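In structure tokens below, several structures.
Both complexes shown next keep subunit A, but they swap its partner, so subunit B is in the first and subunit C is in the second.
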Partner chain A sequence: MTFLRKLALTTALVAGLSAPVAAEDVKFGLLQDFTAVYTFVTGQYNQGQQDYLALVNAEGTLGDGNTVTAIVRDTGNQPQRGIEAYNRAKEEGAILFDFLSTPVSAAILDQAQADKNVVITPAHGRGDASDGTVFPYVFPMLPTYWAQAAALIEHMKETGGLEGKKIAIVHIDSPFGREPGPILEALSKQEGFEFQAFPYASPGNEQSAAWSEVRRYRPDYVLIWGAGGGQAVSVRTAIQNGIRPEQIHSVIWLAETDAANVGPQMKGVKRFEATASGTDHPIIQRIQEKVIDAGKGSGDQANVGNSYYNLGVATMAVAVEAARLGLEEGQPLTGETLKAGFEKIAGFDAEGLMPPVTYTAEDHQGGGAGRVSEWDGEKWVPVSEWKASYPELIRQVIEESAAKYAAEH
Partner chain B sequence: MAYFLELLISGALTGLMYSLVALGFVLIYKSAGVPNLAQGALVMTAGYAVWLVMAWGLNVWIAIPIAAAIMFGFGLVVERLLLRRMVGQPVIMVVMLTLGLEILLRGMVPGILGSTPKPIDLGIDFAPIIIGDVFINRTSLYGGIVALALVGASLLFFRTRTGTKLRAVSDDHVSSWAVGISVERAIGISWGLAGIAAVVAGALWGSSQGVDWTLSALLFPAVAVVILGGVDSVPGVLVGGILVGVLGTVIPGYLDSVAGGSTRDVVTSLIILLTIMVRPFGIFGREDIERI
Partner chain C sequence: MFYRLSGTYHTSYQADRKLWKIPTDRWLVIGLLILALLAPLYVSPLYLGSYVLPWVIWSAAALSLTLLMGLAGQLHFGFAAVMAIGAYASIHLVRAGIPFEIALLLSGLISAVIGAVFGGAALRVKGLYLVMATLAMQYLVDWVVVNVPAISGGAHATLRTPEVSFLFLPIESLASRYWLALGWAVLLTVFFMNVKRTSFGRALVAIRDKDFAAAVIGVDPFRTKLMAFFTSSFMGGVTGAILAFCFYRAVTPEQFGFNVSIQLVAMVLVGGLGSVIGSWLGAGFVLLAPIFLTNLVSGLAASGWVPVSQNFLSHLPLMIYGAMIIGFLLLEPLGLAKIYDNIRKYFLVWPFRHARS
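The block that comes next holds the complex of A and B.
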């Protein structure tokens, strides 16, 4: 090798080592159901996600000129379309995916794990994916339906007691609707209450037979486990059957739109929440100032601060925090480094928008903390503190189910 | 006994509300001879129309007639732009066209107007009517009364000059043309009337659950109603509706907690299957016998 060639190579090497790492554009695939089953939530949820990512770019949260881009596509809740959208987004460089659809997430889970891409499944998907040892690239991120049921039961215990009480669970007839069953079974033995399930046909336009039966069961508390328009029908028909609003406790899918559909009679109904609602939070206020007021919002301004909008914001706040921590190593961000970033998150609460979450290689649920809030006629008011309820029991159910999955795969 | 009575009454009233959806189906079939699989999406679109007019600041009772006018116009447009092109095409293609319209509306309307459930407040009191230990839902009760009135009005309509023309068109397009009846206009009117029926159904069901895509799911029980009652029979809509509602409420009322799942859709499916096997033209439907 000539001296000149050696000099040129050395110069190039030194230049390469000393040059700043090129800024990254981190891509998240928000491939969701905008036109079929999950439409009651997707619009507002996705709006919150996109607005938060716009805030991240406006504030340079990821540092060093790094940005984040959302790839948004409709899957229509169809696994085939979801797989196609996943493959396209993967080709475009996406390393994190949120399908907000249990069937689509389920269809892609194995492929995403093999690709080492992160799939987040907040408030949907498999609860046992919280076991990071079995599902290393899946992050339920927020309390599973099991943790939600446990939180609502614990709230009943704290406010009126459970010994000798009767709980009716009125649910949509689907795997999602039957999700709380094992938790109620275990807790009924532990806490000394009895419960009975009352299913209704999907999508829940008409539930009169179920509620006539519930009235005769004379429950002390009622759990409603549905989503979308069926939730308003549940609350209305419950009240029409003499159930007091204060007796009604809902899964996370009960929001401001449902309250508008039910009307003033909704006052007193309780629900589980994983994130706070309203605009009185630093992140939401900065979104208002730097994204919405700057004309960069992605949807109807009236949605800012509502339950599903804030849920979307929280999911992206956690994902961006994981990306930020993943980038700290100075390596290009991949699915693997993003996963590592998630597992470094400790005590993150999105500036008070959600309870502090900590993810580990074992726990991808983040602790499972949430709280109960009550509709006061205008807004959701918290009636309990952020906390994880019956965490040992929930972990046991998660591990048992994950072990069963592992044995079958 | 009180439980059975409550299920019976509740089922009958719910069935009458299904009749509101089914009525549009029968109106089109009776006039145009086309099975309209888009009726569920028409009800959803009509619900959105009522909500949209209310969003302009108008009272619901003003919004409903305005939405009815809009949906009547929509029905005419559907006939002019879609159905008229299908003249002379096999019936199966027309059925596929209405199925395509159903899917299009179900995706497009919530896509444009928003997919979160929209409220329609008809001002109906929440408190049930209580007779002994039997609770009667006021929305279902008023819905049932409206269904009876609308079916009665439809029966009268088919006795009018225009109604007679529509029946003639349903019988035979060519003969109708031959005697100077505008077949296109008649079919357009039938779609417009189905649009009006959809507004009533959309407003009542929408007041109970909010307006969103799930209103289109009412197509399933409505199809059961028209198959049982007879696809070309207006009185059949009432009888079929009551039977589908009663069976779909009473049977699940006793079976669901035992079966551990909802049996309503199973009951509805069985009604469809058994009717087609035993009496394919339904209870009141006309049995056409063709010489081969």
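The block that comes next holds the complex of A and C.
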């Protein structure tokens, strides 16, 4: 009996010694809206995120047997459900959160900062959170709506000039729809164009009133700023009102589904993109091979390579890279070391899936580079290079807004 | 046997008018109140902050709405807007330097005045037409909040609540926020139970049952309906302020959207119109059932029970939730309060079958 006990103890000791650091399971809370407002994106986006994390675990990207697990919950875009999901995931050990919902992010931002947990807000949430000095634990990660507006305006400048031109911005009547306002205001003075805003009521199933006004305005370019079902309605109604597809430039929320809803007329419409679409990328092909073909995919295989799917992959690629760099600091990985990991990322491009991003303690947007792509009838074809447009102006707007936020508290 | 009646005699009018005539009821309420007061000591922060606290606040909101819909019979489908007015007013008042206690009252008053103005529609229209009028209020308030940066807080339309203290107690820790919310909800509960016994409460009921009959017996419909909107909006406005300061601590327009109004109506209907206990049960059900179901289904999925896509997984709790609402309303159209009442009546005479009442 004594011998057996000794043997057991020794074995335990040896086992303990041979593995000096226990493998760690990093937890990400993907607490998103699958059932209410953001349904147009969440399904594919989250599928990309989960599939990429499966790839990370299959390839051992985090090293030393470390793995990453996603805690996925539906919040229905309701802040009180988001708060519950956040608190629960926090107890389960999650250190990074992605809510993909502006109201939920807003309700949790302060709490997460106090808890020193990283919140990523790719393509949603406050743009001024890009100022890492005011929002140390928030990472907008991809170009803010301000940077997107600037990129589209710069593309117009390069393709047809801006001097004396007229731009119509047709947007959903919400804070999100009004985001490009300050950028247009500043750039119209600098570049000498005029613009006018035409809001339509949320959710945008019916926009004919706004577009008949646009028709009277006779714009040279049109910016559409909405999301979900309203985007296809925008494109369709624009074309009915004599706007050519080539004139239409969209915010990031225009994808393959919208193109299918609009039909063949869609050819020529341009949009901003933060990540490349399609399956012709090393990461996506490895996901196909090691995750999807292995039967470990988290959703419909047809979605792989879609714009929103790739967007999800890119967000997790950056987050996992941050976790990998953070783990170099030592285990266990906490919100603080994860934040430090983010700020070590320099020139990371997810093997070409996205423009190279660099995060610093000041810049949590990662440079704000993106490009414009055009729908050719079957897929999105890039028509510009990856670059950041008017970065000084964007930075100035970010800092002004963040300073205002900081001054209020 | 459980709700012992023997030996309970009321020998004075005062004793007969007690709120809880049966000792068991009284002890039950006292016990629950003590449990609620001590909740921060034995409930984990997760459950206190994400379940109990919102439940208490939404119960207060449901009580405010059921005063209008249950007692006075005036349908209101824009109650979230009333709460929004209270929330935004209180934040701006505190930021302007007014003490929190007074700001709470003032924000209630502001909601009450605006709510009563829209309630003016009730003087001319009833039923579904009143629903339309209150919906208009919802959309108008939403529009004003979103389109006036001075109210919504600028570009991102998020306003953080300033640090405040209530009667020298700093409203910062979870426990202090919970106690403030609980205090307000208990106050509303006691008020609601008593208002039913006042002439004002009886006038509301008379208006609900037939307004011109009420006019014939001397109840002024004009005054009573406006008072109903005023009182209910005051309660809703302060509840909105409590919601902002004690729970969200950062307000955005989406927190008070149309879907929240519908949720509030659902709380009142599922709980039981015009019932105190129904407001508490209805708020708990509508607020917490989706959360419990989501966690339950996710737990089952994690253990490999339901191997389905995330999309289906997210919608499954909603289907169960919908089925539960239909089920409860089929089983007992008068709401959860009536289900509780049936159980109580059963135990009132148990082990016998029939009660006198």
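By definition in this document, the second predicted complex is superposed on the first by the 390 of 409 C-alpha atoms of A that agree within 3 Å, B and C clash if a C-alpha of one lies under 4 Å from a C-alpha of the other, contacts with A are read in each partner's own complex, and residues count from 1 in each chain.
Operating definition for what follows: a contact is a pair of C-beta atoms (placed from the backbone, for glycine too) under 8 Å apart; a residue touches a chain by one contact, two chains touch by 3 or more.
Keep in mind that what you see is a predicted model, and the values were worked out from it rather than measured.
Once the two complexes are laid over each other on the shared chain, residue contacts for A:Leu109 go to subunit C alone; subunit B is not touched. When the two structures are aligned on the shared chain, A:Gly43 is found in touch with subunit B and with subunit C. With both structures placed on the common chain, the touch criterion links A:Phe34 to subunit B and to subunit C. Shared-chain residue A:Glu92: touches no atom of subunit B or subunit C. Contacts of A:Arg215 after superposition on the shared chain: subunit B is touched, whereas subunit C is not.
When both complexes are overlaid on chain A, the residue A:Val233 reaches subunit B alone and has no touch with subunit C.
By the document's definition of touching, both partners, subunit B and subunit C, reach A:Asp173. Within subunit A, the residues touching subunit B in one complex and subunit C in the other are 34-36, 43, 76, 173, 300.
Contacts from subunit A toward subunit B in the complex involve residues 34-36, 39-44, 76, 173, 196-206, 208-210, 212-213, 215-216, 228-230, 232-233, 236-237, 239-242, 257-258, 260-261, 263, 265, 300.
Interface residues of subunit B facing subunit A in the complex, by the touch rule stated above, are 3, 6-7, 10-11, 14, 106-107, 110-111, 114-119, 121, 126-128, 135, 137-138, 140, 205, 208-210, 212-215, 217-218, 249-250, 252-253, 256-257, 260-262, 264-265.
For subunit A in complex with subunit C, the touching residues are 34-36, 43, 46-47, 50, 72-74, 76-77, 79-81, 83-85, 87-88, 91, 102-103, 106-107, 109-111, 126-128, 173-175, 178-179, 182, 298-300, 401, 404, 408-409.
If you check the complex, the residues on subunit C that touch subunit A are 45-46, 49-51, 54, 143, 146-147, 152, 154-158, 160, 162, 247-250, 252-255, 259, 287, 290-291, 294-295, 298, 309-311, 313-315, 317-318.
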